[in-house]
Structures are given as structure tokens and as C-alpha cells.
Amino acid sequence: MTRTQVLILIGSDSDAPTMQGAVDVLGELGVSCEMDVASAHRSPDRVERLIRDAEERGVQVFIAGAGAAAHLAGVIASRTVRPVIGVPIDSSPLQGLDALLSTVQMPPGVPVATVSIGTMGGTNAGVLAAEILAIADAGLAERLKGYKRKLADKIEDASARLKVDVSR
Amino acid sequence: MTRTQVLILIGSDSDAPTMQGAVDVLGELGVSCEMDVASAHRSPDRVERLIRDAEERGVQVFIAGAGAAAHLAGVIASRTVRPVIGVPIDSSPLQGLDALLSTVQMPPGVPVATVSIGTMGGTNAGVLAAEILAIADAGLAERLKGYKRKLADKIEDASARLKVDVSR
Amino acid sequence: MTRTQVLILIGSDSDAPTMQGAVDVLGELGVSCEMDVASAHRSPDRVERLIRDAEERGVQVFIAGAGAAAHLAGVIASRTVRPVIGVPIDSSPLQGLDALLSTVQMPPGVPVATVSIGTMGGTNAGVLAAEILAIADAGLAERLKGYKRKLADKIEDASARLKVDVSR
Amino acid sequence: MTRTQVLILIGSDSDAPTMQGAVDVLGELGVSCEMDVASAHRSPDRVERLIRDAEERGVQVFIAGAGAAAHLAGVIASRTVRPVIGVPIDSSPLQGLDALLSTVQMPPGVPVATVSIGTMGGTNAGVLAAEILAIADAGLAERLKGYKRKLADKIEDASARLKVDVSR
Amino acid sequence: MTRTQVLILIGSDSDAPTMQGAVDVLGELGVSCEMDVASAHRSPDRVERLIRDAEERGVQVFIAGAGAAAHLAGVIASRTVRPVIGVPIDSSPLQGLDALLSTVQMPPGVPVATVSIGTMGGTNAGVLAAEILAIADAGLAERLKGYKRKLADKIEDASARLKVDVSR
Amino acid sequence: MTRTQVLILIGSDSDAPTMQGAVDVLGELGVSCEMDVASAHRSPDRVERLIRDAEERGVQVFIAGAGAAAHLAGVIASRTVRPVIGVPIDSSPLQGLDALLSTVQMPPGVPVATVSIGTMGGTNAGVLAAEILAIADAGLAERLKGYKRKLADKIEDASARLKVDVSR
Amino acid sequence: MTRTQVLILIGSDSDAPTMQGAVDVLGELGVSCEMDVASAHRSPDRVERLIRDAEERGVQVFIAGAGAAAHLAGVIASRTVRPVIGVPIDSSPLQGLDALLSTVQMPPGVPVATVSIGTMGGTNAGVLAAEILAIADAGLAERLKGYKRKLADKIEDASARLKVDVSR
Amino acid sequence: MTRTQVLILIGSDSDAPTMQGAVDVLGELGVSCEMDVASAHRSPDRVERLIRDAEERGVQVFIAGAGAAAHLAGVIASRTVRPVIGVPIDSSPLQGLDALLSTVQMPPGVPVATVSIGTMGGTNAGVLAAEILAIADAGLAERLKGYKRKLADKIEDASARLKVDVSR
């Protein structure tokens, strides 16, 4: 049985599609992860229990996705010395500006590693977690290099497609 | 010995001057209050202990002042059914916009009663706490009416002073 | 006949759906409320009359929902010492930022208890009004605790559903 | 005795320096004006009394200067069909963005003629009031043309000075 | 033949629907107006010609509606001493914030009377123009009072409808 | 006598220090330039005259620096097919956000080449003008390469200084 | 065989429709251009290779279109002394504000000529590139004057259409 | 000789004071680090050389501090699979909002772990780097726990001091 390396928490199950990119990229890179729901404001005890339990199970990186006054990542960061990655979700009328500032502007000593707003950030949280774990995992570092090469290759493909479009 | 009716928590002792207006106006209106320091991110256990202790002592209203990713009011709101008033403090380069959005944009079911940014909000938190307590305290309601009359009187005084300035 | 405890005023009848969450949660918690329309700018006399009448009928908390240059909550606050809760509504092209700043940035001495923008705020205004009234109503405080437990339970349910989705 | 044509109201006497430009330019253009203090939130009855009294005295244009949740201009506009000019004052940590949105975003049917934030707006409120009155006052229109010519002349002078600076 | 009292210029014919509210309210109040298209940036000579021609025809108030870097109102204000009303239009991805700041932040001496963003502002530009003209037209002032009473009456109607909805 | 290649216009002589960087860098690169004052709003005829005169004299690039509702660059762009570079100046309480949006958000067909806010932009306007002229001037292109190498060299120097500081 | 004068790079092929206006206007004005895909972050080597290759082929102006943390224009500007035009694309939840600030706020010495957000900017990038090239190409300058006259003519047509609509 | 684990790059030596917190906290926690200057825009070759050299020397985490159009962190992230932490610096008139959006809004696949604006972020970058390295270094994890306990202890001290102040 593989140990869960990355625990993804979301503040509401409506945030799951935004975070699917993290699940997908971690799966593709061979990093074990779980996604669960826990609201900093509606279920604070559950959040604490999940963090404590995760630390005991050896979870190495936390990812939190939340919108509006997005406190989930900060609450986790206040309870662990493991790296916490925050994804601001654009689920309120302010389109993620509120979630971004609530996630990134942490006081000295309690950082949250904040990534892009919305689905871009979902994917990026997964890649960042893999980069963190790859420091001590040379195989994973190689897979990440392959992943990045594929990103570059897709740009070459897009270039070729664009030229075909133009020449038609 | 009087029971503390209002507990004011601040995320850092550098926030104390901003919140002094709350202490002053509550004192003027005869409402007992205490101010203490507790950071949602640097001392989460202390915050929980202070909330639990406060509820046992019969504290009726919480006020929280914090800057940047201001989670303190939200953390209190997640742990009590007493009203929680939040004062966004302009202590980061973004001048309180971050603290405002982090304080006010709470998810459904867990409100924070947010007041103005900075010292205006410090005073207003005290007045709002008094208004809340005055629902069941007719004497306090009368003192609040007197306080509001004094605000109006000061405007009359300012008008008179301005006319003297102009006529000179 | 029950006395109305909470009066909800909206600046336009198009704001009614945004505020329905307040009506629903107050009903669920057994707090009597009424919703009425009154525009600070188009019917100022009506606003004054409704406030005066409400105070005479013993209304204990006001809720105001308005968009754009949202002055309704501030106008009520200038006329009463009862707590006034403001819901900024995202009905203009600026998506509620205008309503938020117009509602929350009240001058010292005249607070508005501002909650989240839009429908999140509609629900939160109702919960906050109940929290305020529950200070002097132990039964209501118990019902609020039940309401908050249900919020936490829904998170557990969402977690279970998410795991089923994943395992499929 | 000359009738007051323009009444300038400010929400606080600390706003007087920002509005001095209106007093100065109206004086220079021969338009009679008065400045007085009246807070929409702290002295609503006074505001209503001053508006009613001003209309009886034949005041033709209102100017309101206020900061933060700047409702003063809107409150006047709700009580008169005379034109109301609003000056958003940068007296809060948000540097006038709050006052701008609170002043300009009025609902359909109740306009406020909003000018620039701060001292630029103080002067502009005076010029706009004069432009409004000059529709029915050809002499004032001529004086306004002279005022605008002087603005253009000052640019010529500044150009000359700059060239002297460069040639030194 | 009636003289045109108010000239409405728009930067692009796609702005016409936003400004229709001005045409409608001016028609309802018996003020003669025309709407025409003229871009400050694409047809500067045309703008100058229309302004000069309008002044010769005795136009008394200008209204300009424009989006993005909305300079139209400012260009008119630089060429006339008649009052210029600006409507910021939300036609760019920034939803009118760019048009608002480009319209309102005029330098000292050259004001633009800025009203709300978008269709709210279209209507308000018409009402403000009428208020300006009503200073010297008692009949128009009476019609404006009637217009404002109808706004208040509509609120009463909305209140009645809301109560019917609730009682069903 | 050398022809002026770049004409720098500023909306107010108080903007001269912000634009000095353009004068300095153009001088350093051997590009002839002049700076003059002309306000789009206070001296529109002067602006037109200067543009027409500049085109006749063979000016090849325009630079405009202005704050607040910064229309100067746009007005020039509406009158010439020469490239117009705009520098948004942070001279209003909104710290240049107003000037940036007023300068950059030009309608299709009438571009302004907008550079950074404030003094950064002053220097960058000069460099951009030189880059534009260097397309047809190989010597200037070489001097620009030298200028850019010096920027890189200064980074090396800063690195060396920093290491000395650390080792002390 | 004609040399490519303008190279348009986009960060993602999904940005192609936004930039089509540049291709169209350059074609209409007889300026040769190419569009290609190259991401500053996903294919940095490709970006460098395309820049070096373009300089060798004699490309005279670069246009870069990118969204979110839009670094593409800045990366090009760091590698060439040819003018670089940046188009901020509104492809993230923040609607182009992020791309605008990432593109325009370049440090002293390394300018990006930034144009409007989104499709307005796509067209404007093409026009600006043509204006730059027209300094040394009198025929192109004439074609640009014709293009600008057509813009003005379209305004006249729109005016005529609007009047027909009104008269119906 | 100890290997450098964390390389801190700054875009300008004026950014060094903002980043000193990272150096201090890493020193306190026993993590080896170096700070150097390298501008993404003024010295792109130097940035590439430093990254390549750092990877060869076994640097495990990069920290980049930059202001305005802050591309430095993104450029590093495009060249390595090591985690890159970005500190947005408030050195432009927009007070760090530009640097924040330029740093955090990275496209899918190329994350930057963004922390708070300014000095708060300087310290947090150091703590985050240590948290990342502590995954594979149990001793460092213990030192981090000690560091976090000290943060909590300082809150207790601040609370005690505040009470002494009040009792005086």
C-alpha cells in the first residue's frame, strides 16, 4: 500500500473541478495523493483532525483550494511545518482577487506557497508539490523534466498547427 | 467584579493603537471589555483557548482586529455562535484592501460583522458591540443615543468654528 | 401575534433573490422577520418612516441589501441605535466592489456590520442577526449551534460523496 | 445682500482644505457661495434642514465633499431637484477609491455630478457649478472663458520657464 | 422648430443602447436633445466641428458616453464652458473602471460631471442635464419633481408586489 | 543645426522631473529631443499647434507624460501617424492607476505605446523612442546595444558590492 | 521573396483570435508579418531561438500577445534592441489586469510598448508597428493616413445610420 | 565547505533589505544560502548562467525577489524543475499589486510559489524554503517546530506586555 504524499483539501465540493488538474498531474507524475473536503470556517475541528491524521500518516505536502475569504491554506499552515500550497479559487463575484489576497498575504513566519487563481492554479499546485518532492527523489525529478519537455513540445505542435491554418 | 462583555483580540501588539478607539468608546458607554493578543496563524491554540475561556466567562461579543491575510475574525467565527466583529487593519502595502476582503468575504453560515478599515473601524467596532448589547439593555441604548447626539453636536460646533474662520 | 424582530430592507425589488437566504435562515432558526423595499435615494421619506415605525414596533435588528453606491444601510444606521447589517449586492458592472466600499467604510461612530457580497452575504446577514438576538435568547443560541453543526455535517457528507466519485 | 447661489457642504471640518479650491474659484468668478459642515451619517437631521433651508433661500447648486463611504452628495440628491456636485475626498487608507465609487455609482434617476478625487475635485466642483449657472448668465459665461484662457496662458508661461531652465 | 438643448455624443454607435436612457428621460421631461456619433480619437476634427456648431446653435448641455480610455467628455470640456456630463461605458474587459477613471479624474479647471457606469449612467446623464436646465425653467423643475415622485411611487408598488409574493 | 527627432510633451511643468529620464537617455544615445508643456485639457489649441508644427519640422516620435485622466498621448495619437509613446504619471491619489488606464486603453486604430508608471516610464520612453529610430539608424542600434550592455554590467557591479557587504 | 518585417509571437494558440487584428491590419497596410507560438515559461529556448533567428532575418518590430503573468514581451525586450509591442490578453479570471501590469511595468532601460487589453490591443499592435515602420517608409505613412481617414469616415457613416434609426 | 541549499536572487540591489528576512531566518535554521543580484530583463544571460551553475552546485530551492513587472521568479521557473519561491516587492507606485500579479499568475505547468508582498514575504520565503527542505531533514523539521513555538511565545509575551500597559 502506497503512502499518501500529498493531501489536497478543498473548502467546498464545488471546488473539486478546479482542483482536478492537481490530481491529474500528480497521477501522471507518479505521486500519490488524496483529495478531501474540509472547510476552515464550517468544520474547523475536521480540518484540525485531517491535518493531525495526515502528519501521522506521513503526508509531506498539503494543497488547499478555497474561494472568497480563503483561509483554508492559512489554517493548515498554522498547524504544520510541512509546506502548504494554496490555490485561490474564483468562486465569488470578485473573481478570485479576494481569495488571492486572503491566501498569499500571510504574516511573517507562516508562509503559504500561493499559485495562480482558478484552474491554472489547480494544475500548478500539483506541479509545485511534485517539484518539492523531487528534491529528494531523482526519478521524480526526471519525470518532471519529461513533463516540462512535453509542455515545450506542445508549443511546437501549436506552432505547426497555426502555420497550417494560415497556409490554408 | 464585573464580567467582561466584549473581548477584543488583535493579531499583533502593533495593532493595539488602531483598536484603542474600541476600548475608549466601550469605556465611555459603560461596557466592560478586555483587549488581548492572539494570532490566528502564529498561535492557533492560544486563539482557541481564549475563545473557549471567553465563552465560559460569559463574553457576549468578540472583536478581532488584524491586517494582511486577516483570518483572526473568521477563525473566531468558526468556533462560536456569539457575534464576531472584524476590523481590517491597513498594515500591509496594499493599505487594508487585503485585510478587508479577507475579513468580509466569509462563506455562507459563518458571518463576520465587518466594519471600516483602520482607526475608523476601531471606533466603529466598539459602537457596534454596544449597539448589539443595547438590544437587551435599555440603559445602554439611552447612553448610545446620547453618544450619537454628541456626534451631531460636534458637527454643529465644527460648523460654528468654520464660520468664525471664514469671517476672520 | 409575533413581533417582527428583524426588518430586511432592499433598495430595489430586483435585490430580493439575493436576500432570500436571510429570510430562509431566519425562518429556519425561528426568528420573525419581514422584507420590504425602500430606496435611500428614490424614497428617502419612506426609509425614514419605515425605520421610525420599526423602532416603535420593537424591531431589534435591521438588515439592508443594496448595490452600486449602496447607501441604504448607512442611512438606517444614521437614524437608529439598533444594529444595522449591510449586504453589498453585485448588481453593477463593478461586481459589488462599489457596494462593498459604500457599505463598509462608514465614519467613526456610525457602524454598519457588513457581510459578504451577494448571496453569500444574504445568508450571512440572517445568521448574524440570529447571533445578535441569541445573546439574550438561550434557545436561539442552541438552535444556532445546531445550524452550525449541520454545516459541519454537510462537509462530512460532501467528503463521502467525493470519495465515492473518485472510487468509481 | 446677495443671495447664496452655491452651498458647499462637507462631511467633516477636516475636509475644508480640500474644498477651498471651490470657494476660491467661485469667488474669483463672482458667484456667491457658502461652506458649511453636515454629516450624512452623524447629523442626518441637520443635512435635511440645511437642504430645505437652502432651497427656500434660492440656492441653485449644491456641492458636497466627503470621504470613505461618501454618502453626503447622494443624500442631498435624494432631497432636491437642484444639481448636486460630489467631490470624493481621499481621507481613508483606500485613497479616495471608496469615496469615488460611493459618490458616482448612484441609481437611475438620482444623479450626482461627480468630479475628480481630492483637491483637483475641489477646484473642479467650483468651475462646474459656475458652468451650470453660466447657462443663464452671459456675464458669468464670459468670465469663465477668461478663466479658461488664463489656464491656457499659464501653460504658455510654464513652457517659457521650462525652456529657460533647459538653456541655463 | 425647437432648439436642441442637450447634445449627446457617443464614441461609437455600439454605445447607443447604453445612452438610450438619456434620450428617453429627456423626452419624458420635455427637453429637446439629439444623439450623434463622434470619436475623440478616430474623428477629432468632427468632434471639434460638432462642438462649435452646437455652441452656435445654442446647445446648453453636452453629454458624452464612451468606454475604455474614455476621452470624449474631456475633449468636449476642453473646448466649451458649457457643462459636460460624462457617462463611463463598460465596454472593455475592465468593465468600466478604465472609462470611469478616464472620465472623472480631470485636471483642475476643466471638470467633467461624471455619472454612474453603464445604463444607470445613461439615465442619470439625462436627469442631471434636466436638473441643470431646470434652474432657469420652473416648469421643468416641476416636471422633475413629478419624475422623482414617480420613482418613489414605484418603490411603493414594488413593496406591495413583494408582500403579495410573500403572502402567496 | 540638428533636427529635433523626438518631441516630449508634458501636461504640466510639475511632470518635468518624472520625464527627465527620457531627456537624459536620449541625450546619452545621441538622439535630438525637446521637452515642452501642453495640456490636452487646458490648452487644446496649443497641443494641436505643437503637433502640426512638429510634423512640419520632421519630428519622428512623440512622447507624452501626463497624470490623472491622462489624455495627452491619446490626443496626439488622434492627430498624427507618427508613433506616440505615453508615460502614465503617478500624480493623483490613485498613484498612477488612473493615468495608466487613461493612456493604454485606446480604441482600435489609434494606439498609444504605453510604458511604465512614473520615473521608470520616463526613462523607458526615451529608450523606446531610440529603439524605434534605430530601425533605420545602425549607429544608434549599436549605441543601444552598448547601453543595454551597461545595464547588464551594472548588475555585475551590484552583485560584487553585495558580496562585499555580506563578507564584511 | 519579401522579408518579414513584423514577428508576432503568442504565448498560446488560444491567443491567436485576439491577435488576428494585428495580422489583418498589417496585411491591409502592406506590411509583411508572421505569427508564431512561443511561451516564455513553457518553451524559453524556443523563444530565444525565434528572437535570434528573427534578428538575423531582419525582423524590425516584435509583437507579443500573452495573458495572466504575461512575460513574453518582456523576455523578448531583454534580448533585442528592436521595438517590442505587448498586448495584454484577458484570458484569466482577473480579465487582463494581471496581463496589463505584467506587460507594462518594465524596469528602466527595457521598455515594452504596451497597447490596449484584448482584441482592441490586437488591432492596435498592428497599427503601432506600421507607424513605427512608416517613419522610414513614406508610402506606408500615406497608407496609414488613408487608414485613419477610413476610421473617421466610418464614424460619419455610423452617425448617418443613427439618424436614420432615430427618424424611423 | 557546506553546499549552498538555497539561492536567493534579487532583480536589483535596492531589493536586498526586503529579502534580508530570508537570509536571517535561513541562517537561524541552519540552512545554507547565498544572495545574488540578477535582473531578468537587464541581464538575462547572467540569470541563465546563475541558474545552470546553481543546479550544477546542487542548489535545491530558488528564491526570487523582484518588483513591478516581476518576471525573475518566472524566468527561473522556466529553466529548472527545482521549486521557485517568488517574493513580490512593493517598489513601484502600485505598491506591489503589479509584482504580485506578475509573480503568481503563472501558466499551467510552470508554478511559482508566491509569498506575501514586501518584507513579510522576505521572511516567509526563507521559512517556506526551510519547510521544503525539512521534508527530507528531520533535524531541520524539529528546528522549524522550535521556530514556530517561538512565534507563539512572542504572542504570549506581547499579551503580557499589553496587560502591563493597560494596568498602568
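Which chain is which? They are A, B, C, D, E, F, G and H, in the order written, and residues in each are numbered from 1.
As a working rule, contacts are C-beta pairs under 8 Å (C-beta built on N, C-alpha and C of every residue); 3 or more make two chains touch, one makes a residue touch a chain.
None of these values were measured; they are calculated from a predicted model.
Which chains, if any, touch subunit D and subunit G both?
Intersection of subunit D and subunit G contact lists gives E, F.
Give the chain pair, either D-F or F-G, that is connected by more C-beta contacts.
Between D-F and F-G, contacts are more numerous in F-G.
Just going by residue numbers, which of C-E, A-B or F-G has an interface where over half the contact pairs are the same as at B-D?
When the contact pairs of B-D are compared with those in C-E, A-B or F-G, C-E matches.
Farthest chain from subunit C, going by mean C-alpha coordinates, please.
It is F.
So the centre of each chain is just the mean of its C-alpha atoms; given that, what is the distance between subunit B and subunit G in Å?
51
Where the centres are mean C-alpha positions, what is the separation of subunit E from subunit F, in Å?
Whole-Å distance between the two chain centres: 35.
Go ahead and note the Å separation of the Cα centroids belonging to subunit A and subunit G.
Distance between chain centres, rounded to whole Å: 34 Å.
Which residue numbers or ranges of subunit C touch two or more of the other chains?
Where subunit C meets two or more other chains at a single residue, that happens at 12, 39, 42, 68-69, 92, 94-95, 97, 104-107, 109-110, 112, 116-117, 120, 148, 151.
Could you list each pair of chains that touch, in label order?
A-B, A-C, A-G, A-H, B-C, B-D, B-H, C-D, C-E, D-E, D-F, E-F, E-G, F-G, F-H, G-H
Which residues, counting only subunit F, touch subunit D once they are in their complex?
By the definition above, subunit F touches subunit D via 12-13, 16, 35-39, 42-43, 45-46, 68-69, 92-95.
For a test of understanding, state which residues of subunit B touch subunit C in their complex under the given definition.
My answer: residues 21, 60-61, 81-83, 85, 100, 104-117, 119-120, 123-125, 127-128, 131-136, 141, 144-145, 147-148, 151.
For the complex, give me every residue of subunit D touching subunit C.
11-12, 39-42, 44, 68-69, 71, 74-75, 77-79, 92, 94, 97-98, 101-107, 109-110, 112
For the complex, which residues does subunit G have touching subunit E?
Contacts found on subunit G: 90, 95-97, 116-118, 120, 148, 151-152, 154-156, 158-159, 161-163, 165-166.
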